[in-house]
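The chains carry the letters A, B, C and D, assigned in the order they are written, with residues numbered from 1 in each.
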Amino acid sequence: MASTVNRIKTTTKISPMLDEYYASMAHFDCVAWCMGPSGYELMNGAGVSCFQAESSSARIAGGQAATPFIEYGQARGVSPDMCSYAKINLGLVLAELDERWDMIDERYRLNPPDLVVAGNICPSMMQWAHVLGQIYHVPVFILDYPFCYDSDLDVLRDNAKYIREQLENLKEFLLKCSGQKEFRGETLMNQMAACREMDFYQQNIGEMLRTVPAPASFIDNAFSMTPAISMKNEKAANFYKEFMEEMIERVKTGTSSISNERYRIMWRGNFPWFKIGFLSRLLAKYDALLVSGCYGTHIHQDSPANRLIPPDGFDLKDPIWGMACFGLGGGYVSNYEDKWKSEFVSQIENFSIDAVIIQAPHTCRPWTLTSRELCQRVEDTYGIPCIVLEADHTDPAYFNDAQVETRIKALLETVDARREEKARKAAAETDEFDF
Amino acid sequence: MATVNRLQCTAKISPMLDEYYASMAHYDCVAWCMGPSAYEMMGAAGVSCFQAESSSARIAGGHDATPFIEYGQARGVSPDMCSYAKINIGLVLAQQDGRWDMIKERYRLNPPNLIVAGNICPSMMQWAHLLGQIYHVPVFIIDYPFAYDSSIEALTANAKYIRAQLEKLKDFLLKCSGQKEFNWDMLREQTACVREMSLYQRSISRLFQVVPAPASFIDSAVSMVPAISMKNQKAADFYKEFMLEMLDRAANGIGSLDNERYRIMWRGNFPWFKISFLSKLFAKYDALLVSGEYGVYGLEERVGNKIIPPDGFDLNDPLWTIAAGGAGGGYIASYESKWKSEFTQYINGYSIDAVIIQAPHTCRPWTLTTREFAQRVNDELGIPCIVLEADHTDPAYFNDAQVETRVKALLETVDARREEKAKKDAEREAMLNGEL
Amino acid sequence: MDVKNCTLQELLKEFAYRAHEPADAANAWKAKTGGKVIGIAGLDVPEPLIHAAGMLPVVLLDRDEAVTLANAHVEMHQCGYIRSLVDQAMKGELQYCDELLFHDCCHIVRMLGDAMHTFCDKIKKVQFIYLPPLLEYETAQKYAMKEMRKLRKRLEAIAGNPITDEALAASIKVYNTQKKLLIELYDIRRAYPGILKAVDVSNVVAAGMCMPKEDHIELLKRLIELLEPEKAKPVSTAIPVVVHGSLCERCDDYVLNDIEATGGVIVDDDLYVGSRYFNTLYDETIAPMDAIHKAYIKRVSPCPTRYEERNPGDYLADMVKNANAKGIIMVVVKFCEAHDYFYFTAHRRFQDLKIPEMLVETEHDSAPEGQLKTRLQGFFESMEV
Amino acid sequence: MIFAGIDIGSTTTEVVLLDENKKILATSQVLTGFALEEAAEKAFAICCEQVGCTRADILYSVSTGYGRELVLAEFADEQYTEIACHAKGANYWFPEARGVIDIGGQDSKAIAINDVGGITGFAMNDKCAAGTGRFLDVMAGIMGLDVGEMGRQSLLATKPVLVSSICTVFAESEVISLLSKKGTDPHDIMAGIHESVVRRVNMLVQKAQLIPPIVMSGGVAKNAGVVKAFEDVLKTKILIPEDPQSIGALGAAILARNKYFSKNNLN
């Protein structure tokens, strides 16, 4: 029988809060387009507002409006195999340059960039930024995040120092672009204080998802990433506090996210944003719930940032150092073993996971590579069934409802099979401590 | 010489406790408890509970322990007995002899109607038996099996055994109080509150990881009592306030010391009569206690969490919750799980510079293997560690000067290691810059 | 073989053999010297460091055979190079390498190297060098230098002997000799279109990436000698074009052949197994470490995985002009994402400059039927009007 | 004078005979099958019979289509791609045309042409079958209709559904799940299928920067549904030559005639 879903109420506040925030950004007349981790925290202090290209693409995809832009770009030399975040954005950009207003919904209109900042964490970001720079004839700044093939603390520190130096340069670059004289340190400080507070609430929220039955769905959690990424102010912190308090209340009273939680699932990878609704309905239909994942919850004990600046990667006396250390953590720049530890072990061992789904986005090859090894490793190490779900974050062409449902159904059937087997084994040994 | 910035909210503890104890007055059936004796169940069975150890600690904290210890000793109480018991028994004897002259009002005891003890160390069970003999009241012992096998299966089996005993305790309590029905709603409500507390306490212990630490671990140790004694919404709200005050400090980078240079883990219970001496001593050398297993609740390695993931609570079955919680803590844990639950989990993530192990003279279960642990901290984690011979409540075993010397030496070792590290880093940097 | 007296055909056969069977040369070298062989992935691995340590660097190229074992591990939407490399590893074809050294020439390749040992137990943990892609950023340049020093230390440990500056300088000389000879060969090809088939040129370069440099140099000298008489013969009348692409792998033979079978002749290239491998010389007037570092940040051909302000379209447009070519064929390996952006930028520039351009997408072990030929012929037909 | 063009496609082979004034003397169409020579032989025989000549009377002939090289020795003096030939063929019927869309069984092409039918630019699909005749065949199979019928029925659609999948295999299951969804009108699905083909081919049209008037050649030009979908997307009337399949062969014949003239400096 299908479960009913009991969403976290606080999440309804997100979009009005974001709208309000974006409105408050309007007064900046210098806009940076950002892709990848691009030192957002520095922007406002330097008089620059930042527009996140991926979020915008995700939004378009969420509005089921991605395909026309993807195809428009493709007709003009954009490869179908590019990261779909970029595909959508470039398609939209080209359509705007060709003044194809007929095909662009009002709310997707872009505000041309005065500068572009990108973090080099995958094959796309850096080149995507370069393309935009060429198109708009605006300056581009790239932040390089070195690949942590060696997670020795000294090496990590070297890398963090390297990133810090770049962030210092970015600061100067931003000031040059915005024409602002002085960098407003206190803006950054306040943001950092807010970030640490948020971080704390998010840790608790993430931890409470461990409760059985889970008080919320991990989708609620992933959904609520944006304020943390985009806003970084007291308002955002309060949002997470409220989120946390709603969770505590639910944990305390044993209130659950779905009425009949029978399968607890870990989700690895980013989400097909255009199918979020479909996914949570689909899972609820089978009494399954996403309770953990590595996307959106960047926090884990052994993340490089936490190792360099214990415990949580914040250094309020030297916020840029904190940012630099944080840059080492990303899923793309960490090595295979660290990935396994941070994205799988810490999740599976703490969240009473019954099954794991690895999303392999067709147009995000860094995520996808090794997904099968990780899948096998989950099976071998924990005896938990795991599937690799080929889909995509924002390109609908690579998502097939029927197929996905079949795969997930099969996964849950495997869980049942293993449970029965376990029960049979348990029945075999009589329990001497039943009083 | 750092100045100490204590948490505001700790000031609320004693008034809160007084209020609570007052609210307990209407019970005319009092149980004396020692060790983990399922306090949660008492209220629901119409019994109020008096914690013997807390009372002894309070007396020691008030620097009034010695007379009672000596009074007892003169009457055959061994000096090597657990000092919690020594003080309590001395006090009991003094009261029996009507020696009101030596008993401050606030230490006076309400004789027990029954006694409940948890068998976790050589003392509790015998102590309870002895009191039973003195007061001619029924005694109930909860046995906590030694968890030599820390597999989930074994621990679950132990929990079932404990649970079965709690069922019997329930009937025992009702018989003593004469109350008809066991008040399950009250127990569930309490359990929910305890779970809420545990959420806050988990966060609090995580906030101790922040550098500089927003509070001293001593603050949280002295804040144990509400969690142990009162298990209601008031207590939960207190820990929430505690957490938020720490968070606010963490978010703004405010530390408990204005100049935190050494972060120390403390293993074992505290010499309650020397709490302020210790915190002054540490502050003098810019050192701060930031972690320890004593009085901290609900962290990863807690056995209950393994039996009932994630946090040891089953709101539909409070007795199971209590049983699971008791199936493997402190004294009854095996050496290996002690290493994990009492050391590594309070060192990893806490940026610990040094570890101090308190070996209470009159608490032999604590003391045994302390040297092995000290060695292991040094060898496996590369952190300097000392064993400090003292006691939880007997002032006879504490020497201020000696303690200061030991602590000072410890911190000097930390300095030495830091210099060593700095030298290595410089060499490495030179290589990278092509200067070698 | 007898290099001194061989014919052009024999020599080209030798190059082809060396290009396709790297293991033979490597094992022979091992037997002779007892040194270690380092398999390297990525154009920017500072080879002279390995050479100077007395070890043999062998560039790991994709192998022109069907991927079988790897399909169980690597999705079809990973590039052919990745899939082929895993396949070779699993088939035990990389066993002649004592160590693998990966430069993250792209995020996927580096992740591959990092996970190689999980794909197949025949491979132990892979060595890395991380060279920041920001060639024009001073901070990144410094980082690259430090990373190269780290690598030098690690290579010394592997080789079991120090890498002296003298040895390094000597190695740099050897590499420059090879590079200069290849540059000379390309000059000849530009001057005498069709004097060598594109496939042969590809083999010549590939051989140079796999076999010991000293031996390759001997073969090259002989080749240039043997080309003298060929210059007298009439040059090709087909339409001269430049080929760009295949950035980590050999440009498939069928692509080169189809181009030259449907009315075109390749007069210059910007291929990995082509000019990209040798067109950046080491500066012998500065300290050897600086020379290696400079070669990295001051490269001749722009790379999609590196970041430079310049528009790659301009570089290729100049190449077309200097080679008197009529158009350019862009060979993009499917799922080489960085290249997709590079192509997009270049493509737009070619449109501005009115340079005829055609995109050819290649996929490992799935050669097209008639389609490619039709498109190429159509391309050349359209250039006739 | 008789000139011939032969178009050997994956499914059918066409031959067209012209005289010196580019007057069409005969056309033929046969299934290609496996033996290309036989098909060519047959196609030529039919035409020659119509005109009452033998292959020896043909002065010059050009082959095109994917089999163009294989029959070169036996049946043709020269070979050109379908691209060049469709350009010429389309120009023959519509001199004003500046673009040609050819959706073949294996591949689709968009060709930009000038006033004399010369190629000024073109785009052609990659290996993927999406946006080709094959894609339509597969989809028609699922709908249980033949391509032509699906084309006619799709005109009854009220609001076409979006078929977002590109890959034929993906699209297949997508369409099936669409069919199984209650309340979806099959006509809307058919229209959706055509739109998806057109969306793909339209990308080629954009790549080659085609401008109207645009001619559509090849068998799919007979599919009313696809043509309509194109007219909707391109917002222009699509010109359909009579007998669109033979455009390739026709173009080849014209090229044969022109080549012969230039070789012998006639005009």
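Heads up, the rule we're going with is that a residue touches a chain if its C-beta (ideal position, glycine included) is under 8 Å from a C-beta of that chain, and two chains touch if they have at least 3 such contacts.
Remember, it's a predicted structure, so these values are computed and weren't measured experimentally.
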{"item": "Centre-most chain, if every chain is reduced to its averaged C-alpha atoms", "value": "A"}
{"item": "Of all other chains, the one whose Cα centre sits farthest from subunit D", "value": "B"}
{"item": "Centre distance in Å when subunit B and subunit D are each reduced to the mean of their C-alpha atoms", "value": "86"}
{"item": "Distance between the centres, which are taken as Cα means, of subunit D and subunit A, whole angstrom", "value": "47"}
{"item": "Whole-Å gap separating subunit C and subunit D, where each centre is the average of the chain's CA atoms", "value": "40"}
{"item": "Gap in Å, rounded to a whole number, between the CA centres of subunit C and subunit B", "value": "67"}
{"item": "For subunit B, residues contacting two or more additional chains", "value": "432"}
{"item": "Residue numbers of subunit A (touch at least two other chains)", "value": "77, 158"}
{"item": "Pairs of chains satisfying the touch condition", "value": "A-B, A-C, A-D, B-C, C-D"}
{"item": "Subunit B residues within the subunit A interface of the complex", "value": "157-158, 160-161, 163-164, 167, 192-193, 195-196, 199, 202-203, 206-207, 209-211, 247, 250-253, 309-311, 315-316, 348-351, 425, 428, 432"}
{"item": "Footprint of subunit C on subunit A - complex, ascending", "value": "77-79, 81-83, 86, 90, 120-124, 126-128, 130-131, 134, 142, 144, 146-147, 149-150, 158, 162, 165-166, 169, 332, 335-336, 360, 362, 365-366, 368-373, 377, 390"}
{"item": "Partner subunit D, residues of subunit C touching it in the complex", "value": "361, 363, 366, 368-371, 374-375, 377-378, 381-382, 385"}
{"item": "Subunit C residues within the subunit B interface of the complex", "value": "145-146, 149-150, 153, 289"}
{"item": "Complex contacts: residues of subunit B adjacent to subunit C", "value": "431-434"}
